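Okay, structure first, notes after.
The letters A, B, C, D and E name the chains in turn, as written, and every chain counts its residues from 1.
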């Protein structure tokens, strides 16, 4: 089989599954689970090709260069696909148990989720500015209905706010694309950098609009306002997907575009500005996470903070920073998935997620708490974990470039993360109250508990297997060494 | 090309006004309108850009606009459904 | 086969890591199986450590290298210094495990406790066998994380507060340490631990940077080693169960900090470089201040475990002081104290635990006449206390003697003064306790009669006490800690 | 000649439109406004269409324009009818813009 | 003709300002709809008649109906607000400054022309012969960049699923048709014409302005008319045929992408000779999906039925 069939399958098979599920009209979780399994296999099958050749390119439609649409699977895309595939398996297993008895919600979930998976794959594989716009919209419009699964009455405000910001962000992005197309005459990422004339106002403005649009989608600090309510309000499985993948996809785009087509347009000052936004996000988000009274909001604000780390690549722009930022994306994805699934289990058992009233949950929820703790290790950036590897790479980058202010930010961010993670973990150790009242909820089935744990363990394992993954990733395409 | 193209000014103005409306309006329908104003500005700009080809308009931006319109309208329709649902939920709460 | 042998540090590590995993997975349902696994792992580890001891003694160095990131390896490496720490920890782990099984009988959440307990020791093994700063940091953080659940084990508000303090101190320390490691990595790349250090070539170009990094490294490790002024977590952490205190003070945490300082001084910077940069003197002064300060604070404590905790603050700094003097004799004194202090302090904490568990005694003033009811325990307590004071021929004396000799040889006479003052202060805070336990009548007349601690508690106490005694009495023998340290110091100073 | 005629027709159409718009703005209530608007605008549209058809010069186009005109006046009449009916039903709600 | 362009531009800006600043939501919506129509007019002048059609039908027409319907379903006075004027406070002043600067920059940027013409566009016109259709935009949409269109159908479908999840259909008017038979008669009269135009637009897309989107929008408009005049209404139930038609547009693309791989060796490439039939098939399934999706977006219900049917 030709290797370039694989990227195409990664987009089309999930779509096919989603459409069939839509037509079928009754939930088929098995189909969904087979799909995510196949998806993982496809991604794994991509690895040797990418490792050998650096990238696999699929031409859609067979047209020639400036016109054709390509799918590109290089190291960066592959790592994100791998993250998506792993998370997809865990989330699907979780969802199978979570929506076992709800026919309606299950149908919607199993329709939207494959479509979202296909959209995410399409986004990661995209090599075309306008494809990216459409996939961004696709991802958003699949994500918001998923948020609504928690009950439209409760989440409609959050969903509406999410939609408004996402829509504005993508149109601002499109405005940037228009300006770049006007200058370069192509939408292909690989051709764009060469086709762009040097330092025109239109080019710089276009690049800025693109970046701002993506920042809104990625919920970077001044634009984060839509995130906590949406991620905190969605069902656990959906929150995991949103926090681990959907916002990550936007951050991924920033990395991809910055180090590729926008490379001739970006300036060090812009890099510092983005870095500053990232640093602010880290500090502010962590502080907010520490102050929240509800568990899922803690985790949601933690996402605001953690996304900031990926922005620290831009001011430093060396290979170590590149690797650190991407690796942070991976580690955070796995860990955050685990955190949300574990939080979902706690919510299921207690019937609420108010931190003050959580006691005596250690026995029935031991596995979920273990998942929370392990994922917390990665979130805090403590060794051995993917989070630590990322932090280490970013730290070495900051030392290498002499930009000590990021060093301080990174260390401070780790401490703040510890503050909010342990604020939750301590609950597991608190003495149970004298008379335990009747629990309204139920003990989550093993499948739900263990899918969280598997993700958390993967986040830890990520810290041990970094060498081959980083080799796969390589260095930024246009960035300075 | 000499002088100012009035429709280019209009495109830029639509985007500016749309952004202004998004920042200052509170009601969701108004924000959706503002977003669509911004979008219309972008589409107009794309159509202007498409005219730069020597022989006939450039079909690529045109296709982008067509796709963009459908996406914007479907997203807006979804947004309006959200608004209706929100109003209904609020109404239920009050009674 | 030789590969398996070469990977001995890994097996030692895994023997407790796997035990931890199995214990945590078992849950509360199978107490017997759990105890069996726990003890088996402890014994297995002892055997493995014995095998390694033979190997290292014969001049073999175990080395295992796994690439982690580009340019960074996970290095497990067992040299003489590692073995000193490993042997101590492995031996005391067995004792502490037995003690803990008896101590926590019928209390809730035991699986959790013993799981993290094993994890702690696994981390300690990693610290001892770490072959570079990166690996060291990895296990150092693992230790932090696995100790926290033990400190807050009781789940009371007080325990939670102690846990919070512990976390803030240690995580703050780790951040500082990480900063130092990253800066050093940026300056010199990833360097394995090598006797005599690897940074000599940088001294002319980056003297300031080297000094700064040294301060960061020592500052970061100083938190765990409870150097003043970052010792605050140690006394509050004494709310934890007695086995945990033993672990914190003797087996793992404090020792890990001290051990790290030794590693940095010997194998990263090297003694010569340290002296050239004027850092040796600085470290000596810091250690001296801590010694005096800890002893002074101990005097005013009315809670037995708190007093012991401040005593630890003071005593652990002997180690730092010894190596800071940069003289073979003083180094022997400092390093051997790593073992001696461990043995003596664990004895003392075991005794404190016996008092608390058997009669519910926490305050020193309630100890009146306890010697008559718990003669064995109290005898061990006396051994430990006298050893701490430095009464010949007990273990503490050996350490202090070599330290003093080293100070004289190095021409640092003020250190002798510090040692003397510390001895006097030790006497001031220990002797009144000894007086109380043996010579004062019990306060409550009804509690007459022999009431010794349970055998599971007493056994390890006796073992630790006699080990401490033996370390002093038989210091001249071939396999004594002193002999081992002499061998070690010889290797450090000879090349 | 045709051009002149066409221009005249178009100008006349514009005049009707103007009148209709003035009526829309100046008349006091819905009914009279509709009255002004529909009558004047439909006539205006007719004149305009006629003028343009003359200019187009091809019978096919002229026919198409006629079709457009037809459809437009039917739609306008129906819309007028509906608006008037609605106004009658809910009562005169004035011309204020708040609902 | 710059004068007319200037007038159009001025009107567009004025309407946009009105849309943002009108106190009444209804007026804002009306301004928006009028703006859409004027925009369509300006696009005709910019050699984009097919886009003008789409904007008029979808952007102004269908969206307008939806906006008005939503406005009606809101409580009285909901959404009426007076936004602060630029000088009323620091925040409006800052935002005004920012937006003005952006607009000025954009204007300047839109006047910067690169030296060489857009290479993708040239390539598209160049390879038009191989695309199976004569109309460049249709060629781009259905062949050169068919992938975009597939994804776009996904967006439409997901917006629809999301809307249906909310279960808030537009309020139905029960009184008006009872009062008068005129609209119903008219609908009966016009419906064949509308259907004809819709189908013609789909068919014509291959060689002249028009296409699946415009045609689909007109067909959806016919549906809206039927509902407004009381012949049909939204239904709470759906059937698999309807769902299959809704998913059909995306499904045809997906299947064409997957099944033709062994035939052509490339993805989303169509075998020579079969290009035109495949294009037509795609056009019609797309148009049907679009029409039904837009119609259901309008009703907000998962199904449709004739009025009075159960």
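Methods note: a residue touches a chain if its C-beta (ideal position, glycine included) is under 8 Å from a C-beta of that chain, and two chains touch if they have at least 3 such contacts.
This structure is a prediction, so every number in the text was calculated from the model and none was measured.
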Third chains touching both subunit B and subunit A:
E
Using C-alpha centroids, which chain lies at the maximum separation from subunit D?
C
When you take the mean of every protein CA atom shown, which chain's own CA mean is nearest to it?
A
What chain lies farthest away from subunit E once each centre is taken as the mean of the Cα atoms?
C
Quick note, more Cb pairs in contact for B-E or A-E? It is B-E
Using CA atom averages as chain centres, what separation in Å is found between subunit B and subunit C?
68
Centre-to-centre distance between subunit D and subunit C (centres being mean Cα positions), rounded to whole Å
97
Would you kindly tell me how far, in whole Å, the mean C-alpha position of subunit C lies from that of subunit A?
43
Geometric centre distance via CA averages, subunit E-subunit D, whole Å:
27
By the touch rule stated above, which residues of subunit B touch at least two different other chains?
15, 45, 49, 52, 60-61, 64, 67, 71-72, 74-76, 78, 82-83, 85
Pairs of chains that touch, anyone?
A-B, A-C, A-E, B-E, D-E
Would you mind writing out the residues of subunit D in touch with subunit E in their complex?
71, 74, 78, 81-82, 85-86, 89, 97-99
Contacting residues of subunit C [partner subunit A, same complex]:
24, 27-28, 67-70, 72, 109, 112, 137-138, 141-142, 144-145, 148-149, 152-156, 159-160, 163-164, 167, 171-172, 174-175, 178-179, 182-183, 185-186
Tell me, which parts of subunit E touch subunit B in their complex?
2, 5-6, 8-10, 12-13, 16-17, 19-20, 25, 28-29, 32, 35-36, 39, 42-43, 46-48, 50-51, 54-55, 58-59, 62-63, 66-67, 70-71, 73-75, 78-79, 81, 83-84, 91-92, 95-96, 98-100, 102-107, 110-111, 113, 117-118, 120-122, 124-125, 136-137, 139-141, 145, 148-149, 152, 155-156, 159-160, 162-163, 166-168, 170, 211, 213, 290, 293-294, 297-298, 300
Applying the document's contact rule, which stretches of subunit B touch subunit A when the two form their complex?
15, 22, 28, 31-32, 35, 38-39, 41-42, 45-46, 49, 52, 60-61, 64, 67-68, 71-72, 74-76, 78-79, 82-83, 85-86, 89, 92
Can you name the residues of subunit B that touch subunit E in the complex?
1, 3-21, 23-27, 29-30, 33-34, 36-37, 40, 43-45, 47-67, 69-78, 80-85, 87-88, 91
